[in-house]
Amino acid sequence: MHLWAELTRERLGALLPEALVVLPVGATEQHGPHLPTGTDTLLAATVAERACRAAARCERPLILAPAVATGASDHHLTFGGTLSLRPETLLAVLLDLARSVAGCGGRRLVLVNGHGGNRGVCTDAASAASVRFGLSTAYANYWELIGGDDPLVPGHAGAFETSAVLALRPELVGERPEREAPPLPEVPGVVVQPESFWRDVDGYTDEPSRATAARGEKWLDAAVAGLAGRLEVLGRVL
Amino acid sequence: MHLWAELTRERLGALLPEALVVLPVGATEQHGPHLPTGTDTLLAATVAERACRAAARCERPLILAPAVATGASDHHLTFGGTLSLRPETLLAVLLDLARSVAGCGGRRLVLVNGHGGNRGVCTDAASAASVRFGLSTAYANYWELIGGDDPLVPGHAGAFETSAVLALRPELVGERPEREAPPLPEVPGVVVQPESFWRDVDGYTDEPSRATAARGEKWLDAAVAGLAGRLEVLGRVL
Amino acid sequence: MHLWAELTRERLGALLPEALVVLPVGATEQHGPHLPTGTDTLLAATVAERACRAAARCERPLILAPAVATGASDHHLTFGGTLSLRPETLLAVLLDLARSVAGCGGRRLVLVNGHGGNRGVCTDAASAASVRFGLSTAYANYWELIGGDDPLVPGHAGAFETSAVLALRPELVGERPEREAPPLPEVPGVVVQPESFWRDVDGYTDEPSRATAARGEKWLDAAVAGLAGRLEVLGRVL
Amino acid sequence: MHLWAELTRERLGALLPEALVVLPVGATEQHGPHLPTGTDTLLAATVAERACRAAARCERPLILAPAVATGASDHHLTFGGTLSLRPETLLAVLLDLARSVAGCGGRRLVLVNGHGGNRGVCTDAASAASVRFGLSTAYANYWELIGGDDPLVPGHAGAFETSAVLALRPELVGERPEREAPPLPEVPGVVVQPESFWRDVDGYTDEPSRATAARGEKWLDAAVAGLAGRLEVLGRVL
Amino acid sequence: MHLWAELTRERLGALLPEALVVLPVGATEQHGPHLPTGTDTLLAATVAERACRAAARCERPLILAPAVATGASDHHLTFGGTLSLRPETLLAVLLDLARSVAGCGGRRLVLVNGHGGNRGVCTDAASAASVRFGLSTAYANYWELIGGDDPLVPGHAGAFETSAVLALRPELVGERPEREAPPLPEVPGVVVQPESFWRDVDGYTDEPSRATAARGEKWLDAAVAGLAGRLEVLGRVL
Amino acid sequence: MHLWAELTRERLGALLPEALVVLPVGATEQHGPHLPTGTDTLLAATVAERACRAAARCERPLILAPAVATGASDHHLTFGGTLSLRPETLLAVLLDLARSVAGCGGRRLVLVNGHGGNRGVCTDAASAASVRFGLSTAYANYWELIGGDDPLVPGHAGAFETSAVLALRPELVGERPEREAPPLPEVPGVVVQPESFWRDVDGYTDEPSRATAARGEKWLDAAVAGLAGRLEVLGRVL
């Protein structure tokens, strides 16, 4: 497993035609009163790096690109603490990076996303990168590789993410608010965004107080294993 | 149920503050050697219109906007017969329309999508419309409201869409190709797009020859009922 | 005469190299207190379709593309009932469609416009489509093909358009306001837009009360004949 | 009559709320083998300046802004000698300038265009400037103010423009090519652009050899008088 | 030395492959209560033209393109009298012009800038023009070619620019304000822009009252000589 | 000193109105055959972080934002190993981040740049962020704070950067090429970019073989001290 930023151009030139380039896409945004704003980038980058190391049977070299540290978080700006790219900007960033990968000899790009608000852009970028630059692409949200269909996964700054940060960087977790989980507007098969949604839940979902480091470790391990397995498969099918 | 294009400004001005505006988003693109290129717009517009009529218990007025007839189909241009907007353009279109709805007194926008390639843009548009214009938004792909988890749904120009067009406009369906369903690159939780994907399957998935008008009617009825039910719920929660 | 949306890719692939592709460009915008907001799209699409059918002596196949249902109508947003694309967006739409036509083997594109506010964009699109994509293009405002130099043609939601909708969809025409025609700022050879213009005339020109279905039929017939004749000529010179 | 570039901010601040700001929009592009590439800017700027001086009875101060020296000339790039802005860029330029005029206290903007290829952009800019920045706007192509309906006006680098440059800068006119006027694709009411159009006529229309300085003076005088009269009217109606 | 706008396409076609194309980039913006708003364009265009004439030993033809008369001056809009392009627009303009130069056979582009606010855009344009269009480029701010490290050079509307306009167009210089030079926020190696900066100094730096026509002549002569010398060198190294 | 990504929204909300936000801007691009592609981001982020820690006397809180890891490196794509944003994209990124800082209560933004190719964009972003979002801004290239006017500083992948990476991450430095320093096109006061420049010097300047870890430490220490001192001053003047 290789870090793009640590390789020379010669080494990258030799590896890229055969490699999977793995690009973590994160966010820097409010995560309630208790979690650090860098949570999404931390989790996406950690899962991606661990999975690249764990994917020992991947038949292709794995090159981990520098994480995109800020994502599409306009809906959190009102709470403060948020560094957001408009979706138009994030799409331009991902396509410029894809263009670079292709222009430098790469053929396969895997987006590993850590933020719900990036899903639309990642979907578009993976598709357009394929058409415009001739790349074979894959895109996954790391939390969807955990398996098990836990209703707490992923939420936003709720029990899931709080557990994961407790597992990785407990010193960054502040006092967790106590509350009953507020109801979510659930309409199966529909993405619903009432204008007041984030205000209504004070910027985080479910109950952070239910988080534990142990659950975080378990979830992270599952995500890493899930992604590592997919990378091995992608090494064959892309 | 109202058609935006058939109302006067006064009527719209009175209805919009309370209404759900339903916007079908389609595509005009190659659908194999047998289906008309307007398939996605036909299906999205038909399901949206029928569902608006069927949602009798919706507590809010339903206003059906003119369908967006061309979507993000760059990946089909190579087969011919395709009128495609780049994702950047389609996003600008949907956001301009959302800005218009909000600027004319509307407060709720529901995107009903009929084309897989529009998913990223619809996701972004629903989110950004909420943040930028203060709209409550919802977004659904009509085929995800059918229920039952049929592996043939949706595909592209395969048994599902072919059945639906057979049900609606059988005279537009050409001779259906006979073949074994080619394997899809299935990696659970991952959107996979090998660069050669659409070429490998000749631009359509699974087996159009398995389509029947009866199946199409059943699927369309389920989609209409599914969307109508959601509209009734959205009338309460948005 | 062919409808793009009803053809398969194979049929389009065979027809496009020789065909004229006709693209109606409409608008969905306030048309005074009496006309439906879809007036411009209705008229452009109707005239284009009838003219394609009437152009029997056109030496080239005629392919009617799906109408662009929303145009550049920012100047009407303040009256409500308007779905507007910014001119930048509409230009991107028309150029993406032109790119698609050329990319799918087409060589000739004819824009049939139904909305005064689209003229600048249509002019640019026709010119840029020729340079960028190698298309031969033509662009016409349907009302300019009527002949006879009637001062009521075209106006906006005045006697002309009201007559045309009375001829086509009388049930959509509301009670027509009674008034003297307000003066227009006429400066020959100059396009004049006082900032208060549309407010001063309450969003429609001249006297809708002078409209009759008979006049509408006559005008529509003339527009159809005018466009059909031009299509026959274009079939030779493009 | 005032030149924007020669005034101080204080003087402009005092004049702008009452003034008409006149903005010439030109082009720098090939004009056949005989005319200088700056022809359009020369003519638009000359007519605009002379007309501002001649409009003695205009009730409003006239402020002449610096001419936009390069226009939308992509269709001439292939002949060489051309400095072209894409239409998207020229539109952004004109709207930024309109935003500046409004932001500095101006209320009225008059575009005087000297290049056929700028018509679409000028139309859009005049309309969007009104909506976005609250300006009253006017837009004219100087050659349409000459009157008399001469078929030689305007053409491109033909008898009309050649005459005008002979009148103003005869030393810049090279040997004029001798030829019969090639046929133009005339379809009344339709803007026709065969892909090969400019190549077919070698980049200029009609017969430059028919040009004389005397005709140029007459045409220029008529354009100046025509524009001056319109400015006087605009001083009342805007 | 040649003026692009005065040459025919044939002459430009012959000269461009060997020539240096010199493009002055100016601004039209408030210059305190005493200087004309066209100061930057006047100075950049004058220095560029004189230097082209003075660079007698330049081994390559010098072609002076029409000056870009308006630059990136958003920071001066609040004072009035300013015609500003957003930096995004100015970059598009410069890149479109560079594309044109390359598309018409040119190989070398020299930007001569006259406005501090254009530096970022000129830097980007010179670099991107090289990569995108294969041009060899150079970029200079004319005042940096004067030599001697005078702390009054350049300032904005202070002693330096006032002197230069006194030398060229004394009739355009109004009564010069008397004041002590306000302190500048000097942080060596850092570009500092306190939000209130321009307001604090009333839109001009240092002491215009110290300006004299004689100093202006000296500075202009030095700038012309400096640029002429560089053009001669660039004629060898580009 | 605070890391944005490690703080909660509440902590950032309290700090931002008084703080300096420090944003490192790097690049990921070829650095010759011997240096890692992440060199610029490594150096900018290291210097920025160390300087924030060293600026003990800064009267304002210092908040270090996540580094922008990829910059404007299109001119290096041809060598491979490069992840580049077009300048348009990087400008959009920096302005979106500045908008976020201002929208979350921040008032002061300091860009610390580590890549020559980012200079134009950083200049524009610092200026436009001030005008558009009301921020007080500062921008520095870290190498210009070292002092001493060493001709080896900065170069690209030459003795300076190689020394710095030897000091920080010696294990990432490959075998350094031996060569005589190729001549640079030096034209004082002019930014010169011959089209073949980077090819001519094989993508790196001067002599990497002259690098030592000791020199790197000295240079880095000087840059850190230089930036720390400036931050202390900026804490007073912004």
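To keep things simple, chains are lettered A, B, C, D, E and F as they appear, and every chain counts its residues starting from 1.
Note that a residue touches a chain if its C-beta (ideal position, glycine included) is under 8 Å from a C-beta of that chain, and two chains touch if they have at least 3 such contacts.
Here the structure is a predicted model, which is why all the values come from computation and not from measurement.
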Pair in A-F, A-B or B-C that repeats C-D, with over half of contact pairs matching by residue number: A-B
Centroid comparison with chain F (C-alpha atoms), farthest chain: C
Chain C and chain E, separation of their C-alpha mean positions in angstrom: 46
Distance from chain E to chain D - Cα centre to Cα centre, in angstrom: 26
Residues within chain A bordering two or more other chains: 77, 86, 88
Arrangement of touching chains [line / ring / star / complete / other]: ring
Starting from chain D, with chain E taken as the next chain, the full ring order: D, E, F, A, B, C
Chain E-facing residues of chain F, complex: 72, 74-75, 77, 86-88, 91, 107, 117, 119-128, 130-132, 134-141, 144-145, 185, 187-197, 226, 230, 233-234, 237-238
Sites on chain E touched by chain D in the complex: 3-13, 16, 28, 30-38, 41-42, 65-70, 77, 79-86, 88-89, 92-93, 96-97, 99-101, 103-105, 169, 172, 174, 203
